[in-house]
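Quick notes on the structure that follows.
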Amino acid sequence: ETKVGMITTLSGGGAGLGIDVRDGFMLAIKQSGRNDIEVVIEDDQRKPDVAVQLADKMVQSEKVDVMTGIIWSNLAMAVIPSVTAQGKFYLSPNAGPSALAGKGCHQNYFNVAWQNDNLHEAAGAYANSAGYGKTFILAPNYPAGQDALTGYKRFFKGELAGEIYTQLGQTDYAAEIAQIRASGADSVFFFLPGGMGIAFLKQYADSGVDLPVVGPAFSFDQGILQAVGDAALGVVNTSQWNKDLDNATNAAFVESFQAEFGRLPSLYASQGFDTANLLISALEKADVSDADAFRAALKAAEFASTRGDFKFGNNHHPIQTIYAREVVKEGDVYTNKLIGPALENHADAYAADCKM
Amino acid sequence: MMQERYLNATIFAILVVLPVWAVWTDEPFTITLMTRAAIFALAAVGLNIALGLGGLVSFGHAVFFGLGGYAMGILAYHAQTYTPLLEAPLLIEGTKSMPVIWLVAILVSTLAALLIGVLSLRTGGVYFIMITLAFGQMFYYFAISWSAYGGEDGLSIYVRNGFPGLNTLDPIQFYGICLAILSLALFVAHRLAKSPFGLALGAVRQVPQRVETVGLNGIRLKLVAFVISGAITGLSGALFADLNRFVSPTMFSWQLSGEIMVFIIIGGVGRLFGPVAGALIFVGLEHWLGGLSDYWHVYLGLLLLLIVLFGRGGIIGMIAGRERSDV
Amino acid sequence: MSLLTLSKVSASYGVSQALFGVSLKLSEGEVMALMGRNGMGKSTTVKCICRMLPAQGQIVFDGHDLARLPSHRAARLGIGLVPEGRRCFASLTVEENLVAAARKGHWDMSRVTALFPRLAERKDQRAASLSGGEQQMLAIGRALMTNPRLLILDEATEGLAPIIRQEIWSAVGSLKAQTGLSILVIDKSVKELRGVCDSAVILERGRSVWRGAMMDLSDDITQAHLGV
Amino acid sequence: MSFILIAEQVLNGLQFGIMLFLMAAGLTLIFGVMGLINLAHGSLYMVGAFAAAAVAGATGSFVLALAAAMAAAAAAGALIELLVIRRLYDKDHLDQVLATFALILIFSEGTRWMFGSFPLFLQIPPYLSGPVSLPGGIEYPLYRLVLIGAGLFVAAGLGLMITRTRIGIQIRAGENDREMIAALGVDISRLYTLIFALGAALAGLAGALVGAIQSVQVGMGEPVLILAFVVIVIGGIGSIKGALVGALLVGLTDTLGGVFLPQFFGLFMTPAAASSVGSSLASMAIYILMGAVLIWRPTGLYGVRA
Amino acid sequence: MSEAVLSTYGLSKSFGALKASEDISLDLRAGEIHAIIGPNGAGKSTLIAQICGTLEPDVGRVELMGRDVTGLSARARAKAGLGRTFQISALAMEDTVLQNAVLGALGASGRPWRFWTPALKDKSLVARADAALERVGLEDFRNMRTAELSHGQRRQLEVAVALTLSPKAFLMDEPMAGLGMEGSQRLTGFLSELKQEAPILLVEHDMDAVFALADRISVLVYGRVIATGTVDDIRANREVREAYLGEES
């Protein structure tokens, strides 16, 4: 019997992501047919202090062996160090803050999604290949936003037409769009998660500025695209996964997810699904109580990932291919179509700092 | 109707007995919950001095909570990374000692309360509510973008700070510290309410013009109340940060200011044990309802509504009668 | 016929009971004084009539049982109140105070300002900055603008200059004569009440202890119940 | 920086201000006129946006969507007024804060219950989309001009209603002394229900109009709520004119602060640092503005002096 | 003639075009009651407000015991010895009668910055408060909640609070307002004793009381003092009768 604690966001504004991770995760558990895995799920309400409490509860009262589920970097930073310090395993299905990839890496911490910078780096690489020479970049003024612009700049070779930090939670982008229009840029890169991205794209589309837009998958994923509508059509975004990725695991996942929940899976659902499968693959080889063996089994990552090949780098973050994809409309549904790899077998920039 | 003093004693007994029972039955998480409630109660005891005694509806008390939290976060962060907090003009080192952190937390929130108070007390009523809210938002946005200390990610401290002679990592011992401080604060609040200062403050809340005509400075009375209030809430912030071994800008958020206020309203405004009752109930509800359904906020909302609509004077008022009695 | 009848009305503020059975009968066109020392329940009786305070017992106005009506319905039946403490709408101008609840009838802006020329002078001033006496005039004017059948004056001459008081009393007299208005008056000056009222009720500790025609109100009685 | 860009940013600031006014209008009405701190105002805004999105999705008509937004928000407003709010008028602000805080919880999660956790789709109709050219060579989205028009229209309508009509006078009288205005024969309860519903309808309208260019999602009302409070407090509670002026000030401060502060810091910092410091300050700017206004004028720009 | 405790010199105040006070010079002497009467809106309350410092005069000066207090705040004037009662009772309704009186004593002691010892255990404060309560005849009600007092008792408490401050001069704006006949008579008797303690500047429309109490009367009309004199002088003054008294008197 293995006990898994999942802390994720199930209420409030950001609940969609947490629900997808949970659904993907539970789907994999169900498909595995194992009934010796007990999953305790709690709602963190997207509040760091609540997440910390819940982590305490999982460790102290529920006595879980493995934890997972956190969506947001700030919550991850609050929970993961102390959980791993107490000897528990943590498998991150989404957040990958740089602090935990470099100096702060930990042998019991595995990230199954990406290091935060990855998708932005891929966006920079894509911009090069698309021949953009002068990009206007913007992101909210908080650590993930700062990482995003840094990540993009790390790979983008052209010049910057402008660089703006917007307010977190901002909903009106008229001023920024005016600056983009006046900047002489030939393309725009933005990282604006959630509602901010929806607002930006709608307003951008309505403004008459028609420079090409690049961004990470977060603003163009399945859960959100329907709300953006036509304004997102044709936008290129970067992701390590897409529903038309050509491998058998993925095809089966997409089909079974749709059958189970009546909606298309999102990036987050795929990450939840992969996380659970990684866990199951390790459990098949070793018991959690044998920490070293279990860790090695995780590290080996011998499971069928929805994104095809999957392996961990020395810092337990994925080394994977990140793709460019394009927003299209299939019938009534907005979704993404794969264009091609933007960065192949890409590791993160912090791995070298990890002494492990 | 139960007399308020017996009710208070009952509440206090819960604070003492429940954690002991939790240790007995090996339910460490119950202790964590109780610690959370005790710390929130402390924050609300602080606010209650401004709100209950002085009638100052501060919608920005999270400022002090957050400052206390960051006082702990920053000092411990520098201690844990062995970097000095300040080199010139004088060297200031970080620390992992709770008493020192508390002092700093109190000092910083006192200064902030002084500043905010001087500016905000020029206004009154709803404007006061809103200007304190504005200060809260300023601190919140500042903390989010202050990347030196983690910005929105906040700061994690890997090991709980120490208190001479105690093992703070043991939940019950840390709870003991929090309970002791809460009790002390309650005692202070009780004495304060009865003191000449408290009498004058109560009069300022009810009839400001009268206080002036007996030659007392109403604004200054309110300012001092606000500062004391901020200092206590600041101290609670430091404890909260230590409970979670983590600080983040959410400690400054208006939702948190609102929650501190909600504790008081649930418990009973201006009642000595109102904040304690309110915090216990709120934390309890949050915990029990959270397990019921994804949509548990609906139930929480309904319960709160019932309390306002039918429980005039908060829980304490419902049980011990509406009139504030002299305990 | 009787316009307003109270029988055995009692009422309380929270736990403390203020009225213990007040009865009175006021006829159409009658001017009645409600008398009593401080705190004996005069204003409380008025609040019960105006449905600002729940009451036990029977209150019948013009054949309608007031007990079941909300405050505004009672007022619409024709009860005009000049409350204790004036209660002008502080942030409204004088003119707005007057029109806020006006209903059509004999009394309109021009008649009210003719009665109190001062109000016309202060037409656009906010009520809060009026002098005490001006506010009192405004409160009376405001009640008249609703064109009531029963006017209730609760200490309506308080804080008014003697000369204005005299005018008000003579206005009360002519109101009765010209418009057949019924009036219930509370005032501290027994002497002045004697001049204008037809009948009186004396309250003591929340009970109506004396009722009768004004001319029957002897000095002994006032001495016993009012201390004067 | 070119003149056109500056002009355009000033226009953006004004436009944002009007948008804020649209969001604040209902709140001014309820807060200023009825003296009720309604934290649930943002929820009514959200209800409007969701209703609009649902109806637009079903019928494809934007006009119907707007009507539905107003109707749904008004109905929700009337309902909560009857069930909850009317018991709060004579209580102090604290109880109002708690009760309406509870309403936020109920509305937010209730909406999520009904509509799911994902943002909904609501779009500008084709006949209002795209930019138009203004004199001076400025390209400006037509829809935003429509928003400006709607905001000014609401401002004028509300202002007239409150200051000129008898209903307006009665409402203000009720704010001073509810019991007294009732004792004079005005059915203040019904009036307040109507006003609350009207305020809610305005919130719903704003939610739908603004939702079309922002995201329609659970929790969308909360940031709006705080901004709306800032606006009406700067303007002075109870003053429609104040709300309009306050909204324009906030809009200009926010927009121009966001644009120019980073550039200002760019004069002596690296672009990345300047952008970060500048935008931190910019995000605090409106609160600094509000603090400054209140310190200078403790009851706001057009508030009644004590 | 005894010396003036309180004097005003040329006080003037306008609200827009309205001259609420115009060049008002008057004084209050030891041991006397100086009544101010005049039509509604004549500027009596405005005058009181200027004397006690809640309203700033446009020009003019106020002196208390020979000291210029014009620049001082209301609070400083209260400290300097101006005792004031409010037209509408301003008392802490949730507190007891004693607590209200102790508040006054606390103000008189000038030391509200004591955070530990209970106020009601401070003997000197309580003694002072009790003395004042006894003075006005409220000693039996000292532990009652102020909200439960009758209107007349509240007025008495107002005076008691003012008494705790041992003022040099009293300012009273319509103290009889809302009192019944009997209550007015009692208060009249009380004020006639009180004036020995400190002189009273009295604004009142109750002519029975004014004529019974006042040593001197000043008549204010349209912001101007049109007459000052004894009760008999004023009663006999035709202008005053026309403007204010009417046929009564």
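Quick notes on this structure:
Note that the chains take the letters A, B, C, D and E in the order they are written out, and that residue 1 is the start of every chain.
Heads up, the rule we're going with is that a contact is a pair of C-beta atoms (placed from the backbone, for glycine too) under 8 Å apart; a residue touches a chain by one contact, two chains touch by 3 or more.
These numbers come from a predicted model, not from an experiment.
Counted as hops between touching chains, the shortest connection from subunit A to subunit C is 2. Touch-path distance (fewest steps) from subunit A to subunit D is 1.
Distance from subunit C peaks, on a Cα-centroid basis, for A. Chain geometry summary: the mean Cα position of subunit B and that of subunit E are 44 Å apart.
If you average the CA atoms of subunit A and of subunit E, the two centres end up 75 Å from each other. Centre to centre, using the average C-alpha position, subunit B and subunit C are separated by 51 Å. Rounded to whole angstrom, the centroid-to-centroid distance between subunit C and subunit E, based on C-alpha atoms, equals 29 Å.
Each of residues 108-109, 112, 276, 279-280, 283 in subunit D touches at least two other chains.
The set of subunit B residues touching two or more other chains comprises 141, 144-145, 147, 295-297.
Taken residue by residue, subunit C touches two or more other chains at no position, since every residue touches fewer.
Looking at which chains touch one another, you get A-B, A-D, B-D, B-E, C-D, C-E. Note for the complex: subunit D touches subunit A at residues 1-2, 4-5, 8-9, 12-13, 15-16, 19, 108-109, 112, 116-121, 123-124, 129-131, 139, 141, 143-144, 210, 212-220, 223, 255, 258-259, 262, 271-272, 275-276, 278-280, 282-283.
Considering their complex, residues 166, 169-170, 172-173, 175-177, 179-189, 238, 304 of subunit D touch subunit C. Note for the complex: subunit A touches subunit B at residues 10-12, 15, 42-43, 47-49, 52-53, 56-57, 60-61, 73-74, 77-78, 81-82, 85, 97, 99, 141-144, 146, 165, 167-168. Subunit C meets subunit D in the complex at residues 50-52, 70-73, 75-76, 80-81, 83, 87, 89-92, 96-97, 99-101, 103, 142-143, 146. Here subunit E touches subunit C in the complex through residues 15, 38-42, 44-45, 87-88, 148, 150-152, 174, 177-185, 205, 207, 243-248, going by the rule given at the top.
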